[in-house]
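Take a look at the structures below.
First subunit A sits with subunit B, and in the next complex the same chain sits with subunit C.
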Partner chain A sequence: MRDVAVVSFAQAPNVRNAGAMNEVEILMPVVAQALEKSTLTLQEIGFTCSGSSDYLAGAPFSFVMAIDAIGAWPPISESHVEMDGAWALYEAWVKIQHGAADSALVYSFGKSSPGQIRDVLALQLDPYYMAPLWPDSVSLAALQARALLESSAYGEKDLAEVAARSRRNAQSNPKAQLAGDFDLAALLAEPYLVSPLRKHDCPPITDGASAVVLAAGDLARRICERPAWIRGIDHRIEPHALGVRDLTRSPSTELAGEKAGAAQGPLDLAELHAPFTHQELILRDALGLKEGVEINPSGGALAANPVMAAGLARIGEAASRILSGSANRALAHATSGPCLQQNLVCVLEGE
Partner chain B sequence: MVPPPEEMLSAGYALEYTYTRSVGPAIGRFLTGLRERRIEGVVGSDGRVIVPPTGYDPQTGETLENFVEVGSAGVVTTWAWVSEPRSNQPLQHPFAWALIKLDGADTALLHAVDAGDESRMSTGMRVRARWREETTGHIRDLACFEPEAA
Partner chain C sequence: MGELCGVVGIGQTKYASKRGDLSIAGLVREAGIRALEDADLDWKDIDAVVIGKAPDMFEGVMMPELYLADALGASGKPMLRVHTAGSVGGSTSIVAASLVQAGIHDRVLTVAFEKQSESNAMWALSSKQPFSPHINAGAGGYFAPHIRTYMRRSQAPDHIGMLVALKDRLNALKNPYAHLQMEDISLQKIEASPMLWAPIRYLETCPSSDGACAMVLAREALAKDAPRPPAWLVGTAMRTEPTMFPGREEVNPQAGKDCAADVYAQAGITDPRKDIDVAEVYVPFSWFEPMWMENLGFAEEGTGWQMTDEGATALDGDMPINASGGVLSSNPIGASGMIRFAEAALQVRGMAGDHQIDGARTALGHAYGGGSQYFCMWIVRSERP
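And now, the complex of A and B:
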């Protein structure tokens, strides 16, 4: 295996509505900043891969337009996944493992504000059994939350604690959308949005973008003082039908964590892509995270949830703490699909 | 020169994905069953009855072909209460989403439950299908489910 590291990360301010700014305009400064931090120019980058969803823009092949944000002349080697950018990073990592490139630019973006994201996400479901019923993303998460609450020792207070801690942590993240000190009792006094979930159990609706630069071996050492080495990365998926799965567990996260070697050393922090509060509890258990592992110092997806970019941002946030020297070993997680259907785990280390 | 309106050619334009899909042997069989007000599942590799049926086993990937009829009533395994339904959802007054394990099935089906009030919902409660008057071979031939207890 080749040593591959995250050498830079940049993200756009996470906002409820970027207004007239289109995806290209959101992306351009983010990509420029990630490249500048890496010291590489676009022409020195060996491979470019992006993650986004045409369903957000409501236009087929809308991701092609986003290439304007990086410029593709002279021609570049480029690919795209209709997934969160964390999976674009995985593709880039594989490309580097193959020896087809020594560096990669990975970017992702999502502008949820123009549509109804709860309905748009229903379109990722089985088109015969589920999508025609239009079960929105909050309702499906609520089914999972109740299953967890009724089969475990967790209560609604545990969910509110996740929300309060996430938004407290987000106070030190200038790019976060939702940050502040929230009183637990006040949170629990709020009405349900879709019972048993309250508004604070759900992610904000966010427009945003992220970019990461990867580099292999000596190149990473040359351009970066302290690269965040990817020591393990793996992703797994569960069946499509919700009624076939045990929604109170995340076996795909367990397996991805095991394959990525999450437990092979002490972790300083974990950036978990848990858009809903109860999902953080499920993920913590699936990964066997011990007391003392700092969870989502960035605030996580409960503080900013740019759909398609929130998973890549978890890898970027975890890596940035290694790049800065404030952490030595970190876990990053990304999810996709309803109720944590698919999960990716990436373990990062300093040298 | 712009021609007068009556001479201008015009055509309607609908923004849509005009794909036609074939539903195949498993989903097709399930939907045909619904049209006849019958619910069918398929026996999985481990003997579990999977409802709604899939063409392949969700764990092993094995092709599944052993279809069995299950009941049109069953038990709620988890639920969520929607106080403000969205315009395209099955019911336009407050209702519950539920995963429902039908009698004879080992997995649960997602659908709406018309319970009237959240206090009538509980995990483990029994519900039965309410069929649409006209069935067409679609998941919404099941209008929703309703509590068995009056």
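And now, the complex of A and C:
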């Protein structure tokens, strides 16, 4: 395996509604910033890969406009996944492993504000038996939370603690959408949104974008003093039908974590893509994260959830702490699909 | 560069306007099972699944790979979903191959599909967007001006497009999977068909199809022991350029030329018309055959139409193009690129049936998409490099 590292990361301010700015306009400064930090130009980059979903913009080929935005001229070697940008990063990592490139630009973007994201995500479900019932994403998450609360020692207070800690951590993240000090008792006094989930147990609705530059070996060392080396990366999917899964566990995260070598050394921090509070508990258990591992220092998806870009942002956030020298070994996680159906784990480390 | 990769299994569904007998899951599974049978493998032998399709609005399912994980035996495995517009079937094949070439997996199943009967492609391609004028043109309206420009520049005679349409529909009669089976096709019939977007007549345009294509890709040690001859990958390339900017050459795009130069260099091809025995080229509107002949370097600029006129691109010509009947005979959009790649592989495996080109040893698979801006190509050979 070739040594491949994250050498730069940039993200847009996470906002509830970017208004008249389209996805391309949100993305352009982010890509420019990530490239600038990497000191590479688009023409020096070996491979470009992006992640986005047509259903957020309500337009076919929404990623095609992004090609205009990044200025792909002369023509570039490029691909796109209809997945969170974390999987675009995976494809780019594979390309570098193959030897077809030494560096890669990865970006993703999502503008959730134009639609009703809860309902839009219902269109991810089995189109014959599930989608016609329009079970929205918050209601499905609530089913999962209910199953967890009833089958474990976790209580609603544990959920509120995740929310309070996420927003407290987000205070040091200038790009976060929701941040602040929240009193646990006050959070628990709030009404249910969809029982047993309260509003703070759910992610905010976010417009945003992220970009990462990857580089191999000596190129990475030339670009930065302390590259965030990808020591392992793996992703797994579970069956789609909710009835055949144990929603209180995440076997796909467990397996991806094992394949990525998460337990092969002590972790300083984990950036978990848990849009709902109870999902962080499930993920922590699946990954066997021990006391002392800092969880979501950025505030995570509960502080900003740009759909399609939130997973890539987890990798970027984890990497930036290694790049800055404040952490040595970190885990980043991304999820996709209803109730954590698909999961990716990436383990990053300093020199 | 990297591990050697071979195509060891290929599966296609029967292409049709409406496969009402199958769900979306049933459609991809039919192709997947046939690819596994060809490779004499079972679902458990597959390490990862890479799936591709064109815009999700074609079926009205957002990120349908999530729902298709069960049908493709992907549970517990890595699954990737590629989308690069019309070229997606090609890029999906290349992403799957890179997983083997990078040494990450031993065997990968790759599938591409479209079930266009679930929705309306014209609507899905032209939904109204904020801040831009609504052009309900579809693909034909978009590409017709490119063709008119080609005709003006090259002085090609008007009948060339009809010759391509006739040839590909006659080839389709030799391919049991092809959607259009037009026993009575003739130049007269094509000429008499309605003009849709001048100069594109109804019978010079691709159909709208339901269908899926699948391939099993394996690393060298497994591919050389496969029960049937593998097709060895000797080159893969992808290139993208922006949709619009002043002075962009849309008829003979630079991205296509660069992609071809890259894949030929990998495969050691110096004279493509001589070194390649057969090509499956993405021709959704008849006139794109001569245009791509030039873009791919089979003919000098301005002379691609002469290849069609002289019969060089026919089954018995020196450079057979789309022996399978091509996109003009079957077009499940998201799968159309993979069908080109798979048909190229079938030719060098000697398994193309009635449309087999005798002695085909080197074949090109080609796909393009967007506004002639996404290009994917691969070269496959019968002999292990």
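Operating definition for what follows: the second predicted complex is superposed on the first by the 351 of 351 C-alpha atoms of A that agree within 3 Å, B and C clash if a C-alpha of one lies under 4 Å from a C-alpha of the other, contacts with A are read in each partner's own complex, and residues count from 1 in each chain.
Here is the rule we go by: a residue touches a chain if its C-beta (ideal position, glycine included) is under 8 Å from a C-beta of that chain, and two chains touch if they have at least 3 such contacts.
Predicted model only: the values in this text are computed from it and were never measured.
Asker: Given the superposition on subunit A, are subunit B and subunit C in a clash or a fit?
Answerer: Aligned on subunit A, subunit C clashes with subunit B.
Asker: Name the contact category of A:Ser53: first (subunit B only), second (subunit C only), both, or neither.
Answerer: second
Asker: Could you look at A:Pro338 and tell me whether it touches subunit B, subunit C, both or neither (first, second, both, neither)?
Answerer: It touches subunit C, and subunit B stays clear.
Asker: In the overlay, answer first, second, both or neither for which of subunit B and subunit C A:Trp87 touches.
Answerer: Second partner only, subunit C.
Asker: Between subunit B (first) and subunit C (second), which does A:Ala100 come into contact with in this model arrangement: first, second, both, or neither?
Answerer: second
Asker: Using the superposition on chain A described above, determine whether A:Trp134 touches subunit B (first), subunit C (second), both, or neither.
Answerer: The first partner, subunit B, only.
Asker: A:Glu150 contacts which: subunit B (first), subunit C (second), both, neither?
Answerer: Only subunit B; A:Glu150 stays clear of subunit C.
Asker: Which chain, subunit B or subunit C, ends up touching more residues of subunit A in the combined arrangement?
Answerer: If we count touched residues of subunit A for both partners, the winner is C.
Asker: Output check: A:Gly243 vs subunit B and subunit C. Expected answer is one of first, second, both, neither. What do you get?
Answerer: first
Asker: Subunit B: which of 4-12, 22-30 or 40-48 bumps into subunit C?
Answerer: 22-30
Asker: Intersection of subunit A residues contacting subunit B with those contacting subunit C?
Answerer: On subunit A, the residues that contact subunit B in one structure and subunit C in the other are 127-128, 239-241.
Asker: Within their complex, state which residues of subunit A touch subunit C.
Answerer: On the subunit A side, the touching residues are 1, 20, 22, 48, 53-55, 57-61, 63-65, 67-68, 71-83, 87, 90-91, 94-95, 97-100, 114, 120-121, 123-128, 131, 234-241, 251-252, 255, 336-338, 341-342.
Asker: Going by the contact rule at the top, pick out the subunit C residues touching subunit A in the complex.
Answerer: Going through subunit C, the ones touching subunit A are 1-2, 23-24, 54-57, 59-70, 74-85, 91, 94-95, 98-99, 101-104, 118, 124-125, 127, 129-131, 237-245, 253-255, 258-259, 370-371, 373.
Asker: Which residues of subunit B touch subunit A in the complex?
Answerer: Against subunit A, the touching part of subunit B is residues 21, 23, 27, 30-31, 50-52, 54, 58-59, 77-83, 86, 88-90, 97-101, 107-112, 118, 123, 138-140.
Asker: Write out the stretch or stretches of subunit A touching subunit B in their complex.
Answerer: Listed in rising order, the residues of subunit A that touch subunit B are 116, 118-119, 127-130, 132-136, 139-140, 142-147, 150, 192, 194-197, 239-244, 247.
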